Amino acid sequence: MEKKRASLLRNPGVQTLLSSLLCILLGLVIGYIALLIINPAGAWGAITAIVKNFWNYGRTNLQLRYLGNTLVKTAPLLMCSLSVLFAYKVGLFNIGAAGQYVAGAGAALYFALALKMPWWVCMIAAILAGAVLGCISGALKSFCNVNEVISCIMLNWIALYTVNSLLNPVKNPTSPYTMGLTSVNPEAVMPSLGIEKLFTNNRYTTLAIPLAIVIAVLIWVLLSKTKLGYELKATGLNKHAAKYAGMREKTNIILTMAIAGGLAGLGAAMMYLTGFEEWSVTQSSVPAMGFNGIAAAFLGGLHPIGAIFSSFFIQHITNGGGYVDMTMYSSDISDFISSMIIYLCGFVLFFRQFMSSRLARRDEARKGGKQ
Amino acid sequence: MENPYAIEMLNITKRFPGIVANDNITLQLRKGEIHALLGENGAGKSTLMSVLFGLYQPEEGVIKKDGKEVSIKNPNDATALGIGMVHQHFKLVECFTVLDNIILGMEPTKNGFLQKAEARKKIVALSERYGLHVDPDARIEDVTVGMQQRTEILKMLYRDNEILIFDEPTAVLTPQEIDELMQIMRNLAAEGKSILFISHKLAEIMAVADRCTVLRKGKYIGTVDTKDTTVEALSAMMVGRDVKFHVDKEDKTPGDVILKIENMTVASRMHHNNAVKNVSLEVRAGEIVCIAGIDGNGQTEFVYGLAGLEPLVSGKITLCGKDITKASIRSRSVSGISHIPEDRHKHGLVLDYTLEDNIVLQRYFEPEFTKAGFLRRKNIRSYAEKLIDQYDVRSGQGPVTVARSMSGGNQQKAIVAREIDRDPQLLIAVQPTRGLDVGAIEYIHRQIVAQRDAGKAVLLVSLEMDEVMDVSDRILVMYEGEIVGELDPRTATAEEMGLYMAGAKRKEQ
Amino acid sequence: MLLLIQYTLIFASVLLLVALGGCFSEHSGVINIGLEGIMVFGALGGALMMKYLPADAPAAVIILLSIGAAMLVGIIYSLLLAVAAINFKADQTLVGTAMNLLGVAAATVFVKAINTAENPNNVSSTIQYINAKKAFLVNIGGFEFNWFMALAVALLLLSWVLLYKTRFGLRLQACGEHPQAADSVGINVYKMRYAGVMLSGLLGGVGGLVYITAGVSEWKFENGVAGFGFLALAVMIFGQWKPFRIALAALLFGLFRALSNVYTGFDFLASLNLPSTVYNMLPYIISLIVLALTSQKSAAPKAEGIPYDKGSR
């Protein structure tokens, strides 16, 4: 029995899971402490409200409706986290998911509102826009030796301002937001395929949700079952060995960034083609979705299937912030908790090493005992 | 009476798991002498120096400075005792000036502000006194390797070090710079500094050193006065040649030319010279040609050029009559070159991949293992199992073992299995037995000879004298990027080969 | 025109201070992506000091104390990066990104909590410092001189002296270029890197304070600093990690920012009919081009972003 438990702890997957859970727990504890400091009276109520999220509603149909809202935003987040983790597997840090997401949003909305295209054309446009942006970073890395983190940061802002200009003609005359999708071009709304029925007629729940999960599985298949995945991972793990084995390192880097960009772009399509949110053409900061994607990727142990759960969890916590007692706390406390969790993800490697070294030390102690 | 020794390392023994790196070694450095430390790769020189600098603590033995026992726990202790070292890879900040590099860590300051004028005076005085020409205001990245080395020497002198260690200082220098360095070393010794000169170039040792201590395979062989000895005698001490095992192989007449290299020149990544200069050679079917030589004489770059990892400056490579000079790595590999790389962790394996994924690293794209873009996991598994079984690769969990967790010998066996099983025309094996135990060495040697007997062309690059003598059919000695001699292992002696390897002798071509 | 110069100088001051912060961190070998978060926290520290100082305090006291508070809070916040990147060898990009998100979220929670505690109906994320802010401003014939402009110039000179004329600067740079070499001559690489990151916290903190006092209206913490931290990174790169070049880059990029606000006041610019976003975008595009052209032989510290492990010599 003892032995079985130890070997389970030794499993890298289990170690990753434990580390992620530890990050979440620590993040929640720190959030709770912050709540205690602000106002001890309602702290416990607030933290449970955040964690409960849609369960705060007593009735099942309302619970489902609000679960739907979380899922609507989980799909794009999942795409962004897949974008980040896919690039990370090939040794690249795609902090540009944020900008690729912006590019996707711009393309999707422009095709929908200005060109009046059906949803699938808009979606493809979004994917391509993200991919092009990713491609630029990849090419700069391959041919000009520019660190992808820096080029991605620059491109994030270039994308933001370009998209703001691009969407200016299709904005609502009385507000900074783009025109409503359903009123201007209902064709561009992603089809629901009856999914809305599952979530008490939440009309924002569309094809995007199952599609996101399917794509996560596809990315997992691509990485673990295909020749391309084998090559890309080898390049990421040891580029010298990849070169020795005749793989084309430079092409692989560009391809990886293009795929990563396409994923983030698709994420934007999943967000803005549901009509759940409009784009504000005066926004002066890059939407956090792409950065949260980094969080979801790391919290999910850099595994596509893990990312499904971590994306949901992060979105769940973020939405949960809306249920705290507003007379005592602000809903931003959930952003605080989720960003704290991201910060703690930086220590995952350390947690894992710590676990391994503890196990190794125990082995040694045991060996010593026997002799 | 005053103690004549500046530093003494007495009866030092340092063990690592499974190996005695230093076995009862004694090294006594007299004041004002140039003392050479000679030995092949793996003889225990660097371990001994690490002990002196406090990086390792020896199990047995003592270190004495001026006759008094001292304890060296870390490099700072060594520095405090006046011991300085010029590392083989310089520890210089590239974008700093020569002056900044020299004073770094010992900066003269007034109220926290640097007093460079003061430092400059001291440096100029030192450089004149010892004939160390440097430009204090030039940036390291702009100056020659020779000036970088002089900067390192000045760093030691600036710190008033009395014991100066040079770790293979000539490896990166041009012949003229080597002459200059020797003159500098003589000046330093004349001014009372004690110098320890680590090298395996016999001619240089004879030219500059007063005495020479020889190590071989972790053991102390002896200390001799250079004026009482010859290059031949030193070579014999260094190489020894105590045969621990022997590879049985029958004589064989080589067949057609498989590999033909004409006038190959490859640039060096480290300095501005070419690392491989105008090398021409042929390897025939059914013969093992060995490139022998001391580390860092262009073998690595030669293999990179041959395998396509590095572009040629000039020259032509022909494989089975086909020009592959410009071919990609993949196409070379597909047209029949197998390559057991020098560094199995850098090139040979993706350490975080499983054993089976590493076994198909050169073949994953073949139809047997890939269909419509998907890996055929079943075939990969059965192929891996076949090779694991056939080549006796041992690992914790068989095909799914992560390569990182395997022993070095079994990692190497996996690479050998992968490369040999591809049924190549030409097998390039670079130091295939480095760091392995006797059993694994023997096994790999048998495999290489079996390839030759099966009519393959084999190009073996080795630094190990035993391996060179035992396994090869023909020996080419590489020195400073050129082939300086061809020997027949049946008639050549180790001494003769040592002379070629040390650059003391070369065949007129 | 005067307005353009005024905007340019104040934006340039922000960029200069923050970019100098990034410069110290990178020269020590740590990439600081988290400058945005540091700015927000510095702004928070300074704003709170201004809020709680008595309104009749002398201008000099207000100036010194609020700057001191911004520096201190900036340093404390930067320790999050230092601990993770130096001691725990965490991924610097991940930690920096987290710090940017955390900075805005934590500051907003904090400010809203203060506001709600004072008045349950107040859920805004602004801090009242309008009166105290006037201490920084001196009106010289229509030109609104801001003491922060002088501070930026002073800190620029100090940074240059510190980096190139002192023992500290020499050692700091050695740690960012070749930590093994620094270690081999007895320099404590970990300590120097801590110093570099903390200096970036100090300068980034002040930069954040300047940023929030630059605008005419009160500033909402939930808006963050609108990419100024990232723009400062661009300034640092365009300035090739050298203080005076950074100053020139800050002026240039500050000009673009100012133009995006006031370009309609210039006939020839207005006639070009470019949207303001073009002026906002230009700095990033220029940086990207500079990067593409110079990265083969970059002036970036060679060991930046690589955790130093004493064991691997």
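Chains here go by letter, A, B and C, matching the order in which they are written, and residues are numbered from 1 within each.
Methods note: contacts are C-beta pairs under 8 Å (C-beta built on N, C-alpha and C of every residue); 3 or more make two chains touch, one makes a residue touch a chain.
Because the structure is predicted, anything quoted here is derived from the model rather than measured.
Any chain bridging chain A and chain B, meaning touching each of them, is among C; the list is complete. If you compare B-C with A-C, the chain pair joined by more contacting C-beta pairs is A-C.
In terms of their C-alpha centroids, the spacing between chain B and chain C amounts to 48 Å. In whole angstrom, the spacing between the mean C-alpha positions of chain A and chain C is 28. Multi-chain contact residues, meaning those touching two or more other chains, do not occur anywhere in chain C.
Of all residues in chain A, those touching chain C in their complex are 34, 38-39, 93, 95, 140, 144-147, 149-151, 153-158, 160-162, 164-165, 168, 284-286, 288, 291-292, 294-295, 298, 326-330, 332-333, 335-336, 338-340, 342-343, 345-347, 349-350.
Those residues of chain B that touch chain C in the complex are listed here as 55, 75-76, 79, 91-96, 100-101, 103-107, 109, 112-114, 155. Interface residues of chain B, counted against chain A in their complex, comprise 307, 309, 328-331, 333, 339, 341, 346-353, 357, 361-362, 364-365, 370, 373-375, 377. Those residues of chain A whose C-beta lies close enough to touch chain B in the complex are 225-228, 230-231, 233-234, 237-238, 240-247.
Within the complex, the chain C residues that touch chain A are 31, 33, 80, 84, 88-91, 93-95, 97-102, 104-106, 108-109, 112-113, 116-117, 120, 123, 125, 222-224, 226-227, 230-231, 233-234, 237, 275, 277-278, 280-281, 284-285, 287-288, 291-293, 295-296, 298.
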